[in-house]
Each structure stands twice: as C-alpha cells, then as structure tokens.
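Heads up, there are several structures right after this.
The following pair of complexes shares a single chain, chain A, combined with chain B in the former and chain C in the latter.
Showing the complex of A and B:
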C-alpha cells in the first residue's frame, strides 16, 4: 500500500517535470525565458490579494464545470458538454432578467439562478436521455450540443434581446442590481464560488457515503450486477447528467450576472473544456478538483495579465493547458499500466 | 435559372462543403477500424487548416499548403499515438487533450494570418463551360480536391476489404489479442491507423482553409472534426458508407449557406444550427439500430462503454 503511494507520487512528479519541460520548450520557442515567464505568471496568479481574487473569479466557473464532468464520470459517463450547458444556463437565466428587468430582488435573483441551473440541466439531460434511451454516445452528443448552445446565445444577443443602446455590440441590457449575484467582501469574487465549494463537499459525501453513491459505483463497475440488484442505469444517468448540467448552467448565469453584467456573445473562454481538464487532473475526485481548479484559474488569469502587460497572447494559456493535460495523461496512464501489470 | 442549373449549383455546393469532411471522416474511420477513437481530429484539422493556410500564403502554392497541412495533422496525431499506445492513457481524454493543444497552438500561431487571403486550386472547368446545363456550374465551382476525395473513398474501401493489409487492420480492430497471437504487430498497425487519420484530418483542414474558404479564422473548423467522429458511427465504420452519410451532412451545410444568402427571414444563427442537428439526428438513428446492424470494431466497444460490456 505504502509502496503504491510512493510509486504514484513518483509518477505525479514525473508528470509535473514533463509539463515544465514542455512549457519551457514552448516559451523558449516563442522567445521568452521560461523561468522568468513562469515566475511572472505565478506572481500574476497568486502574488497579491487582487491577483488571488481574480484567480478565484476564473476558478469559479471552472470548478463548477469540473463538478459537472466528475459526477457523470462516477457512473462511467464521459461528458464534454460543460461549455454548452454553461451557455444554455446563461440563456435561460437571462430570459428572466430580460422579461422582468424591474422585478424585486427577492423574486428576480432566485428565479434567474433557478432558471439558469435548469437551462444547464435540460441541455445535459438531453444527452442523458439520448444515452439512456437510444444508447447514443454521450461524448459525441455533448460535443455537438456545445456548438448549438453557442449559436442559440448568438441568436438571442444578435436578435430579439439586443440592447438598442449598445450601438451594434451584440449584448443584452445591463443586468439591474436586483439581478446581480452578490460579490464577496468588495472583490469580484461572487457567491457562486461558495456554492461551488459547498457543492463539491456535498457531492463528495453523497458519492462516498450514501447508498446512492454505492449504487453509482456498482453500475459503473458492472452494469449487469447493478441491474440484478435492482439499480436502474437509465434513471441514474438522467440524475447525474441533470445535476451536473445544473451546476454548469449555474456557472453560466453567475458569470453573466456577476462578472459580465449582461449576456453577450463569447461569454465563456473555454471554461467547459478547462473544467474537463480539471476533472481528469483530479482523478474524478470532487474534493481534489477544488485546489486544482484554483490553480488552473490562476493559470488563466495569469495568461490574461501576460497579454495585458507582457504582450504574450492569452492563447498561450490554452497551449499550456493542453501541455498540462498531456503530461498528466501520460503520467497517470503509465502509473495505472504499471499497477495492473503487477496485479 | 432553369431547374438543371439550380440542381447543378446545389450539387456543386454540396460537394464543395463535403470534400474536407469526406477526408477527415475517412481518416477517422481507418483510425477506429484499428480500435482507436481519436477526438483529437478536431485539433488536427485546425492544425492542418492553420499550417496549410500559412504555407500556402507564404509560398503562393496551394499544393505545398496541402502537404504542410497533412504534415501538421500527422504531427499532432503522433501525440495521441504516444499517449494511447505508449502510455496507455484514456483515448477519449487524450483526444480532448490533443484538441486543446491544437486549439491553443493554432490560435497562437494563426494570429498573423487572420483575415488573410490565398488563391486555391483552379476550378475543373473554365468560364467556357459555365453555360452547359447541369455540368456547367458543377465544373465551374469544383476544384480537383472534390473528385480526389471521391476516388479516395473507393480506394480506401477496396483497400480495407480486398487487400491483405486491409484484412490485418480489421483483425486488429476486432481483437488485439488474436492479432498478436497470429503474429501481426497490432501496436504498429494501431500506430499507422492513428497517423493515417492524422494525415487525412490535416489534409482536410488544409482543403478547408486553402481551397474552400480561402481564408483563416480562429477555430474555423467549428466542430467538423467532432461531426466526423459522429458520422463514422452513422456510416457503420464502412468507408463506402462514408460517402452517402457525408453527402447528407454536406447538403445540410450547403442549405445553411444558401438559405442565409437567400435572405430567409430566420436568424442566420438558427440556420447555422442545422448541420449539427442533422448530425445528431443521424447519430441517434444509427445508435437506435446499433444492436441490429452492428459493424462496430469489437476493440472499440470497451472505449465506448457500450451495452456489450
């Protein structure tokens, strides 16, 4: 047992080394000193309270989207639909605000958040129904639904919901204060972050310490045994997909309301995809996803700062994410392979 | 316009938008036939489109651009091969990682080419044929890539079903262990399957940017790689079926463009959903009949996590 832990740590260290090597090679190739750039990035990510708060702002949708990947993964489903669920959540939540901009906060804010979560849940459950009912591969359906969701948001913000006062910029009206998710202690970090943390803990307890969680484990390990003891795959597929989608949809409406203040095209900068990465880095573990989401949020926020101050395009943050993903998959793949060989 | 001319225009538009997708779907079919699924084709297509466009813009030669695009596709697919074959990583996750890398690299290195223009291949027929009914508009709009893709469908199909190497590939896809037992080198075959998929996806991307749109934009493949992965299922992993399936999709894409240009009173963003909806519907119909018509290489079943497990 102890030897296994040591071996896993060795592979994790190897993965980290591989990532640093890949990242350094890329930074050298574009003519920047790897050490200076990575140190600058660390400073931009977590150097002072402002940097930390900006990293948490980015970490919030990423963590929620990661949870939306991890929960279905507990049933053996691989979904890449966080981006689409986030967009649909933003769309449905905004529908409330656009139609009742003058409503009181106690009614408007909850209605907006609930509909936002419902939007993500519907989009995700659609892939769940297709999987449970027609055996449609959920990875492919969620990927295709992503593109449709982005187009639907574009349809709304370029069409009926476009604010005439925005001078051609495709965006809805500014959200009224009654529809703004409250922020924490005067920073841009909003209550969605707290919800994400609570969700991570609750889901962790639910899958590790309840009868339902045991059922998911049985079904994902051996569907036949699960069915024999009376567990239903179709029903659980719908539950995990809808719950996961609700979290991603919640992320979408929070991002729209608290960070951008209105629904506009290009709402997310790949948070869904980054959430997928975080879910895999965490080994599909809700609690481990929290620090990893914060780290990756820092990476993205540092990427933005680099673009602003050092003129390094923020696309470099996407490249670094890809490299991190590759290094992590190589390390975990090799580690698992070695364990299975030993038996 | 008489009916024949209209049919000619629609045929040409369908074939034009189908050509890149035919290439990438054929490549992914071959990859999946050896038991590997590669969602990274989306990133490889982007890499092919970006590298192909850049090289074509610099050299002024579309053919050199195609070669560069294909090479970029092979390079990126090698990452998938290393992760899946050498490290034993999860194939779906590895594909998404390759996509992320391709997306990042192309939006980084493609910045300077955004909005640029290149000259694609010359059309099959010059202005003189434009008046010929039916064939006129087809020959005037199509470039040699379209017939090349059609020939490739037949060539790949014959190769897979009628040659001994094709048989070897199919054996590897059905049972890795059997292939090893009878002395084939299944790992090597899988490597070839991934790289040929990379070659065709990169080539497809280059056709898209150099020959079809003749411009480069960020994330310009817009999910065509993922659509290809879905269409492979619809075509039941059979290269011959790839042609009709891709043509249905190409028709929906041509309809999208024509409806938008035709001034239909529907938002262009709603019309643009059509190809994805068509693809999804095709995948649903194919999956509903999964148990009855089969065709999935057995080695893939474990990756897909189908009922058979």
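Showing the complex of A and C:
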C-alpha cells in the first residue's frame, strides 16, 4: 500500500518534470526565459489574495463542468456536453431576468438559479433519454447538442433579448443587483464556488458510500446482472445525466450573473471542454477534481495577466495548459499500465 | 505398424501447489487417433499444451521423430508440424472466413486480391471440411461448429502432421460430430496423427484407435480402444471417488405442481424455444439434458423471468411469472445459477463481498455497512469453499470453478420457491460437484422446485427425479429416472427420436 503510494508520487513527479521540460522548450522557442516566465505565472495565479480570487473565479465553472462529466462516468457514460449545458443554463436563467427585471431579490435570484440548473438538466437529460430509450451514443449526442445550445444563445442575444442601449453589441440588459449571485468577501469569487465544493463532497459520498452509488457500480460493471437484481439502467441514466447537467447549467447562469453581468455570445471560453479534461485527469474522482480545477483556473487567469503585463500572448497559457494535460495524462497512463502489468 | 512421431516421457507440470501433470508418459503415432480421456481438471489439456509449447514442462523429455526438443512457444511447435485447435478459437469475428485463413497462412504477403492462387490454397482444407461454407461470410455470423471447422482448416494449412483437438465435440450438433469423426478418419488415412482430448465416451467409441486415460494429472490406463468396455473406461476416469456416492434425492411427497410451464415460447440472442410444457412439484428435481446450444439458455432465462415469453405462461405458486415480467429483473423467490457466470451472474471488477450481496441490493440500507457485508461474505465463502477466501478480491480474480461456487453461494444459500441451475458443476472437480449436488438436494428438501440443466448424463440419471431432453428448442421427451436409460435420453438429445405420444 505504502509502496504503491510512493510509486504514484514518483509518476506524479515525473509528470511535473515532463511538463516543465515541455513548457521550458516552448518558452525558449518564443524567446522568453522559462524560469522567469513560469515564476511570474505562479505569482499571477496564486501570489496574492487578488490572484487567488481570480484563479478561483476561473476554476468555478471548470469544476462544475468536471462534476457534470464525472457523475455520468460512474455509470459508464462519456459525456462531452458541459459546454452546451452551461449555455442552456445561462439562457433559461437569463429568461427569468429579462422577463422580470424588477422583481424582488428573494424571488428573482432563486428562480434564476433554479431555472439555470433546470436548463442544463434538460439539455443533458435529452441525451440521457436518447441513450436510455434508443441506445443513441451519448458522447455524440452531447457533442452535437453543444452547437445547438451555443447557437440558441446567439439567437437570443442577437435577436429578441438584445439590449437597445448596448448600441448593437450582442448582449442582454445588465442584470439588476437583485439577480446578481452574491460574491464572497468583496472579491469576484461568488457563491457558485462554494456550491461546487459542496457538490463535489456530497457526490463523492453519494457514489462511494450509498446503496445508490453501489448500484451505479454494478450497472456500469455488468448491466445485465444489474438489471437482473432489479436496478434500472434507464432511470439511472436519466438521474446522472440530469444531475450532471444541472451542475453545468448552474455554472452557466452563475458565470452570466456574477462575472459578466449580462448574457452575451462567447459566454464561455471552453469551460465545458476544460471540465471534461479535468474529469479525466482526476480519474473520474469528485474530490481529486477540486485541486486540479483550481490549478487549471490559476493557469488560465495567469495567462490573462501575462498578456496584460508581460506582452506574452494569452494563447501561450492555452498552449501551456495543453502541455500540462499531456504530461499529466502520460504520467497517469504509465502508472496505470505499470500497475495492471504487475497484476 | 505405426511409428512413434512424438514420445513424451516423465512429464511433470505444476501450477503453484496444484500438480497438473505428474510423471506422464505418452506416445503419439502416425496414422492413429489417440483419445486422451479424463474428467475436467485431469491434466489432459495441460499435457497437450506442454507439447504445443504453450507451457514448459518442469521435468521430463519430449522427442519428435526421436530427436529431443523443447518448444519455447506454439510458433516453434507449429514449425515442427504440431497444430492444436483450442476450445476457445482465435478467429477475428469481423473478418471473412477467407481473410481469417489467409491471415494465418504461411508466408502470406501483406497485400493480395481475393482471386489469387494463394487464397485458393488457403481455402483448400476448408473446401474438404465444409464444402458448403461460403468463405466470404464474416466469422461472427458463423455457428460455433462452423467456426471450429475454420479453426481446424487454419491449423491444417500450417502443414500440421500432428493435430490436437481439445474437446471438439462439445460445441457440435450430432450431425456435425458425425462429419468430424469421418474427417478425422480421413486425416488418419493420410498418415497424420490425431490427438482427441475428450471426456466423452461417445468420441472414444466412434473414432479412437488407442486410449490413454488420465486422472489427477497421472496416466491411469493405456490400451487399444477395442480392449476396453465403456464401463472400464468410466471406472478408470473417475476412480474410486464416485464410489462414495451421495445417494439419490429424497422422494417427492407433494403431489400438486408448484411450477407450471404451459406452452412457452421465447427468444434470447437468436436462440428459440418453442411450445415447452412441464410441471414440477415442491421438492422435485427436473434434470434437463441436451447438447448445449439447443435452447437451454433461452429456457433458463425465461424461467428466471429475465426475458419475456412470446407465447404460453409460466406459473409459480399460483402466480404468473410471465405476466409480472418487469424489465428483466428476477423475482425474489427464484434462484438462478446461469451459464457463463462471468457474463451472466457477477460484476467482474466488484469484490466478492459485494458480489455476494447483489441479490439483496434493494434491501441494503441507504448507507450499506461494509463490515456486515464482509462478515456475511466470509461465512458464505467458507461454507461453499470459494478459493482464495478473501472477500476483498475482485470477482475477476477467481478461476472459473471458484466463480461458479461464488454464484452458487449467493443463489443457493437461502431457500427459494424455484431454483434454476445451468451447468452448476462446470469447471468443478468431482468432490466439489458432489457438494453442489448436495446443495441442490437441500434446496429440494426445503420445498423448492429445481430445474437443473446439464450435459452430464450420468449425473442426471443419478440425481434427478425426472429427466427431460431438449433438442432444437423443444422437449423431445420427459421421463422418470426409474424408467430412463442412457440410450433413450441419448437418442432424444440427438434428435433421432421423440417421446412416443402418451
């Protein structure tokens, strides 16, 4: 047991070394000192309270989208629909605000959040129904639903919901304070982050310690046997897809309300896909996804800062992020292979 | 006089603490069919895999044409003209028959059209084996018997002089079996040597020249086929162990049927059963004999309530199972030991404790207590002798026989109204099999109706109250044990005869 832990730490260290080597090569190639740049990035990501809060702001939708991938994965389903669910959550949540902008906070805020979560849940459950009833591959259907959701949001913000005061800019009206998710301690970090943390812990307990979680393991391991002992694959598919979608939809409406203040096209910068990668890096583990999402959030926010202050294009951060994923996946792949070989 | 192609002397092979072969001598002669006879686990397959280079012997010597050899791999053995057809085939299901044959053809270039002379050469043996088989069909569409012929053609394409067949008739219909026997004789006439690994006396009677009987890893008898009667061979195969018989099941006292199957038809995975009817009283064991693949699986799944019936009804204790069919869930008062437990009964990556708790899934508390599950598992594992006895092990780590015991432990540790057991002793040695039969007796004694599907005709004749034979998806006949004979049931199983209309 201890030996295995040492083994895993060695592979993690190897992965980190691989990432540093790749990143250094890349930064040298674009003419920057690797050491200085990486140190600067670390500072921008987690150096002070403001940096940390910006990193958590980016980490929030990523973590929620990762949870939306991990839950279906526990039933053996592979969804890539975080992005679409996030957009549809933003769309339905915004519908409340656009129609009742003057409502009281105690009614408007919960209604907006609930509808946002419902939007993501519906979008995801659509793929769930297709899978459960007609055996349509959920990976393909969630991927395609992403495009529809993004275009639906565009349709709304370019059309009926466009704020006349925004001089042609495709965006809705500014959300009133009554429809703004409260932030934490004066930073831009909002309550959605706390919800994501709670969701990660609750889901972890639910899938590892409850009868329901055991049922998911049985169904994903041998669907025929699960069905024989009375478990319902169709019902569980709908539950995990809808719950996961609700989290991604919640991420969408929070991002719209708390960070951007209005619904506009280009709402997400690939949070759904990044969440998918975080889910895989975590080994489909809810708790492990939390630090990974925060790390990736830090990398993204440091990339923004780099562009502002160091004249390094922010795309570099995306490239570094890709290198980090490759290094981490290579390390974890090698370590699993080593373990299975030993039997 | 046939000369010795292969001599094996003093072969020993151990797996951990298990002795698979102990000091085995064997001679394989050209122009002769050698039947290697023995029960499951007698060491027949291991011995042949040692010859084939699949395993390396711990001790002993192998000579081919008088020269000592030591094969490190099957590839080297093939090079010396040894070919083996395993029970599990190595064909690519998505490729056509000719593509499969070509892929294994010696010196096949990387690219060629299907009309080339090489393709014709690769198909040469298959044309003799199965003239009517369309070589353009993908292998996944072929029946098991046809696949076996393709596999055999593949081995013969490699210019095998010594052909080893591992339980070839276990997957064949009677007609296919007859054709295989004929083909084996024609190979012999060409001077090849054939080794037939089998536990069926019918194979020996039909086409063996010489017999070697193995038991517990040793050769216990060696003779010309005509020198032995079937009774002598059975005694040699099973030794004295079966002498300590577990007796017959307690007589049935209840008269009223508890399970009524009325004109049931159903389909599962392309296999049909048609218009099957029978009744079982409480405490009665009905044995169902038949060559596997004649609808046993469909019948078992329908009785367990896992698939809907397309016609007829199944009534258990006055309640229709068929009408309360719900999405393939098994009723609580039915125990089911299915065939192929790894696919049909366990979750491979879940541990033994949870696998044993599966039938009580819905009754677990919201937060299941691992300690209670493990304690219950330990008791069951000890009682049913599952090895290794570690509840935390994943089910995938168990051998076939122990997996079988695990499923039996889960399904037959409580009392039920109906017990369905498909090949419950598959992969078990004689003593473990007797323990299973005792468990079936206990179930019957506690008032269950027992449906016991098996290929072991002798066991059925000894331990079932009544025996039915299934052929082509329907019952060929059903008879009380006292009135049954091997010949009668054998003819029913082979589809040569049906029960005279009563």
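Everything that follows uses one rule, which is that the second predicted complex is superposed on the first by the 343 of 343 C-alpha atoms of A that agree within 3 Å, B and C clash if a C-alpha of one lies under 4 Å from a C-alpha of the other, contacts with A are read in each partner's own complex, and residues count from 1 in each chain.
What we mean here is this: a residue touches a chain if its C-beta (ideal position, glycine included) is under 8 Å from a C-beta of that chain, and two chains touch if they have at least 3 such contacts.
These numbers were taken from a predicted model, which means no experiment stands behind them.
*Asks:* Could you look at A:322 and tell me whether it touches chain B, chain C, both or neither (first, second, both, neither)?
*Replies:* In the superposition, A:322 contacts chain B only.
*Asks:* Pick one for A:141: touches chain B only (first), chain C only (second), both, or neither.
*Replies:* first
*Asks:* In the three-chain superposition, say which chain, chain B or chain C, touches more residues of chain A.
*Replies:* Between chain B and chain C, B touches the greater number of residues in chain A.
*Asks:* So, does A:158 touch the first partner chain B, the second partner chain C, both, or neither?
*Replies:* first
*Asks:* Touch test for A:227: chain B only (first), chain C only (second), both, or neither?
*Replies:* second
*Asks:* Once chain A of both complexes is superposed, is A:330 in touch with chain B (first), chain C (second), both, or neither?
*Replies:* Touch partner of A:330: chain B, not chain C.
*Asks:* Looking at the overlay, what does A:209 touch: chain B (first), chain C (second), both, or neither?
*Replies:* The answer is second: A:209 touches chain C but not chain B.
*Asks:* Who does A:276 touch here: chain B (first), chain C (second), both, or neither?
*Replies:* The answer is first: A:276 touches chain B but not chain C.
*Asks:* If you stack the two complexes on chain A, which partner ends up touching A:218: first (chain B), second (chain C), both, or neither?
*Replies:* A:218 sits against chain C, while chain B stays out of touch.
*Asks:* Is A:313 in contact with chain B, with chain C, with both, or with neither (first, second, both, neither)?
*Replies:* first
*Asks:* Which residues of chain C touch chain A in their complex?
*Replies:* Those in contact with chain A are residues 304, 306, 327-330, 336, 343-350, 354, 358-359, 361-362, 364-368.
*Asks:* Which of the residues in chain A end up touching chain B in this complex?
*Replies:* By the definition above, chain A touches chain B via 30, 76-78, 80, 130, 134-137, 139-141, 143-148, 151-152, 154-155, 158-159, 223, 270, 273, 276-277, 280, 313, 315-323, 325-326, 329-330, 332-334, 336-337.
*Asks:* If you look only at chain A, which of its residues touch chain C in the complex?
*Replies:* 209-212, 214-215, 217-218, 221-222, 224-232
*Asks:* Taking the touch rule as given, give the residues of chain B at its contact with chain A in the complex, in rising order.
*Replies:* Listed in rising order, the residues of chain B that touch chain A are 39, 79, 82-83, 87-90, 92-94, 96-98, 100-105, 107-108, 111, 222-223, 226-227, 229-230, 233, 267, 269-270, 272-273, 276-277, 279-280, 283-284, 287-288, 290, 304-307, 309.
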